[in-house]
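Here chain A shows up in two complexes: once beside chain B, once beside chain C.
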Partner chain A sequence: MDTLVHFFQSIPYDQIVIQTMNGIVTGMILALVASGLTLIFGIMDVVNFAHGELFMLGAYVGVIVLVATGSFWMALVLASLVVAILGAALQIVTLRPLIGRDPLNTILATFGISLILQNYALWQFGPVARKINEPITTHFNLFYLEYPWYRLVIAALSAAIIGSFWLFLKYGKFGVWIRATTQDRVMAQAMGIPVPWVHTGVFAIGAGMAAASGVLFGPLVGVNHAMGLDWVLKAFIVVVVGGMGNLGGSIAAAIFISLLESYASIWMNPSQAVIVSFVVLILTLLFRPTGLFVPTPK
Partner chain B sequence: MIKHSNKTYWIGFCVVLALLIVAPLVLPEFWRRFLTEILIWGLLAMSSDILIGYTGMISFGHSAFFGLGMYGAAAALLLVSPPNMWIAIGFGLVAAAIVSLFVAYFSTRLRDIYFAITTLIFSQIFYVIIFTWTEVTGGENGLAFSRPQLSIPGIYSTPFTTETLHWFVLAVVTASYLILRRVTQSPFGMVLQSIRENEPRTRAIGYPVERYKIVAVMLSGLFAGLAGVLYAIQNKFAAPDFVYFLISGETVIFNVMGGIGTLVGPIVGAGFFLMLRELLSRMFGDQFPYLIPLGFIFIAMIIFLPQGLLGFARRWLNR
Partner chain C sequence: MTEKWKDEAWSQDIWYSGKITRRTALGWGGGVLGAAMLVPAPWQAAFGQTAPYKIGSLQPLSGAGAAGGKTALVGVEMAIDRINKAGGINGRPVALVAADDESKPDVGRRKTEKMLLEDKIDVHVGGFLSNICLACMPVFEETKVVNMIGVCLDTTLTTSKCNRYSFRTFDYAPAQAVAIAPYLVNKMGKKWHIAFADYSWGQSTRDAYTAEIKKLGGEVVGTTGIPLGTADMTSFLSKIQGNFDGLFGIFFGKDGVTIGNQAFDLGLTKKYKWAGDGAIAESVNLPALGSKIEGFVGINRYIPVFEGPLNTPSHRKFFDDAKARLLKIDSSGPLPDRYVQSNFEAMNALKIGMEKSKFQGRQDTMKLIEALEGLVMKEGDDFPQGGGLLRKEDHQAFIRQFIFEIKGGKHKIIETVAGDKTIVPPACKFASA
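Entry: the complex of A and B
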């Protein structure tokens, strides 16, 4: 009894609350990155290795626009647009010729793109991290911490973007085309849907979402050329754990994994907390390789 | 016809081997080392060809096997005194075997894209462990050690020179090539190729596909570990950079550039890649981001030349 009381007293409740908030914030951003990735996979069987680099480029474009105009919201919108156009161009030039070939070729091609983009960023912007200033600098008190409102704004904005995207998929004309193409590519083509352009459009939307998350996340850490790999790895884990091509599963998995990593970082150093998500991945692969957040296949 | 092409094959093999044996005697010091390095990277690429070319599984985690071979050799060279080459090779191979068993057990449950992603994630796990476990692995700085002597146990022992090192590496790579070639032509290799062509059908015939895949990944990991040991002996250090994802990526690039499913192709690809890199950094200086033009060439080759340099050359010769 005494040990039980001691155990409950030793739980750092304040830290748990703080880490829950942190976990939800990074989880929402991760969900934004991963939903683009899983959408691209679901519709065209392309694992986009360059997704992390699109995230990184979005952050850099954000930095440039922010320096030029001084408006964070302008930076957010412009970065998403620019990277979405870039994504469309990349899809047309490199992925379209590969349609109908072994899907493994597309991994290789997007890996090539990620190498080019990452080294371009290093060459153009140098190895020193850039900073994006927070648009909202007010704080509120959370135990002993001054918790920035901006973080909550990020979570809300990410949720809003994902939500409006979901509505668009459900009711928008192009959204219906996307869902139709995901279900049956050949039939969609036969019904007069321009499938190649749906592919390009989806890639552009995914790229734009990655860029938006890059700009949103930029103020929390520095913007540097190597940030893409971390994110694409995390997004891959999320997409596998959530079930490939499953939008809702990816969002749940993103929040789940980010929460776990945040809690783990109470007790270990953050670079090792990554191992927790690796362990989740391994366990998922062992016991439920179709994904944690999908209904059991019949 | 078959007999004829077999003969030309062996003649070609002997000519190339002879050229590689003579090369260190005529080349200047820098290119001698460069050639040795190409052979080592070629061995790494060749080992992953077993998976990419013959079994149809793209591994993005070969840096883990390579790096663990390297750290295994480093452990042997630091712990055992006097440093012994054969113990280093043994340690490296055991380390690579353990890691590849671990990776193989989990990742072969998945196919295609999922396999590529999980191998990538596994290699990243080992990178994080090696990078953060500073007391054992030296963390970011890695480990430095002295080069062992070239020895035949009990008979002969002499320090490595650049020539003997080259010949030693050449001997190991040639032997590995012949072994891998034999393996790919064996019944086991045939089953791997049938898994690549049609996995459900291979399973339906009654082959335990998972077991074959695990053995394939382990075989591939062993030879990648061997390449890591050779690299450790050549450069006298082990660093976490060699476990990083970039090495796995370059291994895949070597394969695609040279031609997958040919065993020799990956070595050609490694040579092509490293020569281009050297050329670019000589023309534009050390700071030049050589991966940008190489990335463009890589993508162009995937789209227009999916057979790689060797496949292209072969088709052109047969015309």
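Entry: the complex of A and C
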């Protein structure tokens, strides 16, 4: 009995609350990045290695718009639109000609795009990291910390963007086309759905979502040419753990993994805590290769 | 109206007047390529057919470390251009062979081997990320080629992993710790928490600062190692709490920007005194840190200001040249940083060593090493930072240090520590040649 009491007394409740908030905020950003990635894979069978660079380009476009207009919200909207258009152009020029070829071709193509975009950003913007000023700078007291309201805004906005996208998929005409194409590409084409344009549209939406997350996250880290690298690996883990192509699964996996890492950091050192996501990935691949958040295959 | 000029006689030769055949295109392409090959390298106009010294420079020009690698390369280019303009070394021009390590140790080692075995470089100046320097140092030893480290700060490069062929013409953590620890303990607070980049440089630097703070009667109450490239450090920073006076950060590059922003966002930099390695507040990082880095106290071997001992004509020359070159790679016009400075000065130290030893090629490597050992780097155009001593026992230099504060978004010198006041005993044993 004493051991049990001692155990409950030793739980750092303040840390648990703080890390829950950290995990949810990080998870929502990751979910926004990963949902674009999983959507592109789900409908096109393309593993998009350039997703992190679309995240980074979004942040750079955000910087340019912010300097020109002074409005963070304008930067968020315009960066998403510009990168969505760029994504559509990339899909038409580089991925559409590869449809039906071995998946290795698209992997190499997107990897090549990623290198080009990264080096383009370095050449165009140079080595100096840029700043996006957050629109909300106030804090609230959370135990011993001053917690920024902006982090909660990021979580809320990410949830709103993902929620809107879900409604669009469920009720929008183009959303229905996307779902139909995901289920059966050949049948969708037979029913008159313009599948090549659905592919282009989906790539554009995925790119726009990556750009939005780049702008939202920019104020926390500064904008540089390599900022996408840090997120894309984790987004791939999330997509695999959530079930490749499963939007809901990816969102759940993003929050699940981020919360696990945050809780792990209470008792482990950071280097050990970041391994948690890899452990989850390995266990998923071993015991549930279709993903944690999809029904068990019969 | 606008098309009328095409009808003019003078325009007939340059305006497209028929279809371009593959043969025409190949002919023009071949011609342009041939002409390009005939254009002499910049140094050939001055030196005729004299064979140049080949100076290799491994830098991260792509990948996570590319931002720093680009400015580091500017330092080497500046020094080489200046040397060539002044007549070269021993009457021979200097040619740069730059290689991109892609911020990866395995690639770095492969490219180093290529520079040494295929490009046949005579000497090397460069290396940015410590893990890449550690991976490549044995290759220079095997091929018996002098390696002037450009940026890598890992302590062990000139202590437990030292070798006879590698030199560091700038500071390292034990010397920095000796320089700033009295300020930290006597003027900022006795109890410190250290947050560091959890890799070779961060770990060795943490150990050096911990030892020095303890030696002066202070205490390091906790340390937090954060993996390199962690985008969201909040989970780890949120754990930092307790009764201590100051938070000391050991980060560089984009991780420096991340901790600067996120430690401020969580109120840590208001609750505790905020100090750290100068790489956090390097001039290329300041725009992304904005007002969140105000009040940060750091230590650095170089800061781009004209105060105190840095208010010299030599520094002005270095600063102006570096600024103009940096403007070409970044339109926002960054100021020079320590990466430009240390590569510039490493190349100049090499020049002096090559002249002193009458170095002609790899066969003279041992003579060059002897010339560099114990080199006194005198303040002036070659060493605008202030110069210092390149110690014979471990090939480690001891140079002037600047303790600074960020005020109004700019560096302000608080204290200057002379290089000879930062000397620590050597901890290197060279393998017998």
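The definition used in the following text is that the second predicted complex is superposed on the first by the 285 of 298 C-alpha atoms of A that agree within 3 Å, B and C clash if a C-alpha of one lies under 4 Å from a C-alpha of the other, contacts with A are read in each partner's own complex, and residues count from 1 in each chain.
Heads up, the rule we're going with is that contacts are C-beta pairs under 8 Å (C-beta built on N, C-alpha and C of every residue); 3 or more make two chains touch, one makes a residue touch a chain.
Quick caveat: nothing in here was measured; it's all calculated off a predicted structure.
Overlay on chain A: chain B and chain C clash in the combined arrangement.
With both structures placed on the common chain, the touch criterion links A:133 to chain C but leaves chain B unconnected. Within the superposed three-chain model, A:194 lies out of touch with both chain B and chain C [touch as defined at top]. Counted by residues of chain A touched, the larger count belongs to C, out of chain B and chain C.
When the two complexes are overlaid on their common chain A, residue A:172 makes contact with neither chain B nor chain C.
Looking at the shared chain after the overlay, A:70 reaches neither chain B nor chain C. Of the two partner chains placed around the shared chain by superposition, chain B is the only one that A:104 touches, whereas chain C remains out of contact. Of the two partner chains, chain B is the only one touched by A:94; chain C is not.
In the superposition on chain A, A:145 makes contact with chain C only, not with chain B.
When the two complexes are overlaid on their common chain A, residue A:163 makes contact with neither chain B nor chain C. In the three-chain superposition, chain B clashes with chain C only at 131-139, the remaining stretches of 5-13, 23-31, 41-49 or 131-139 being clear. Residues 115, 118-119, 122, 229, 269, 271, 274 of chain A lie at the contact with chain B in one complex and at the contact with chain C in the other. Across the interface of their complex, chain A is touched by residues 62-64, 66-68, 70-71, 198, 224-227, 229-232, 234-236, 238-239, 241, 254, 257-258, 261-262, 265-267, 270, 284-285, 287-290, 329-332, 334 of chain C.
Those residues of chain B that touch chain A in the complex are listed here as 56, 58, 60, 106-107, 109-110, 112-114, 116-118, 120-121, 124-125, 128-129, 131-132, 245, 249, 252-253, 256, 289, 291-292, 294-296, 298-299, 302-303, 306.
The part of chain A that touches chain B in the complex is made up of residues 41, 45, 47, 94, 97-98, 101, 103-105, 107-109, 111-113, 115-116, 118-120, 122-123, 229, 233, 236-237, 240, 244, 269, 271-272, 274-275, 278, 281-282, 285-286, 289. Those residues of chain A that touch chain C in the complex are listed here as 15, 18-19, 22-23, 25-26, 29, 115, 118-119, 122, 125-131, 133, 139, 144-148, 150-151, 217, 219-227, 229-231, 261-262, 265-266, 269-271, 273-274.
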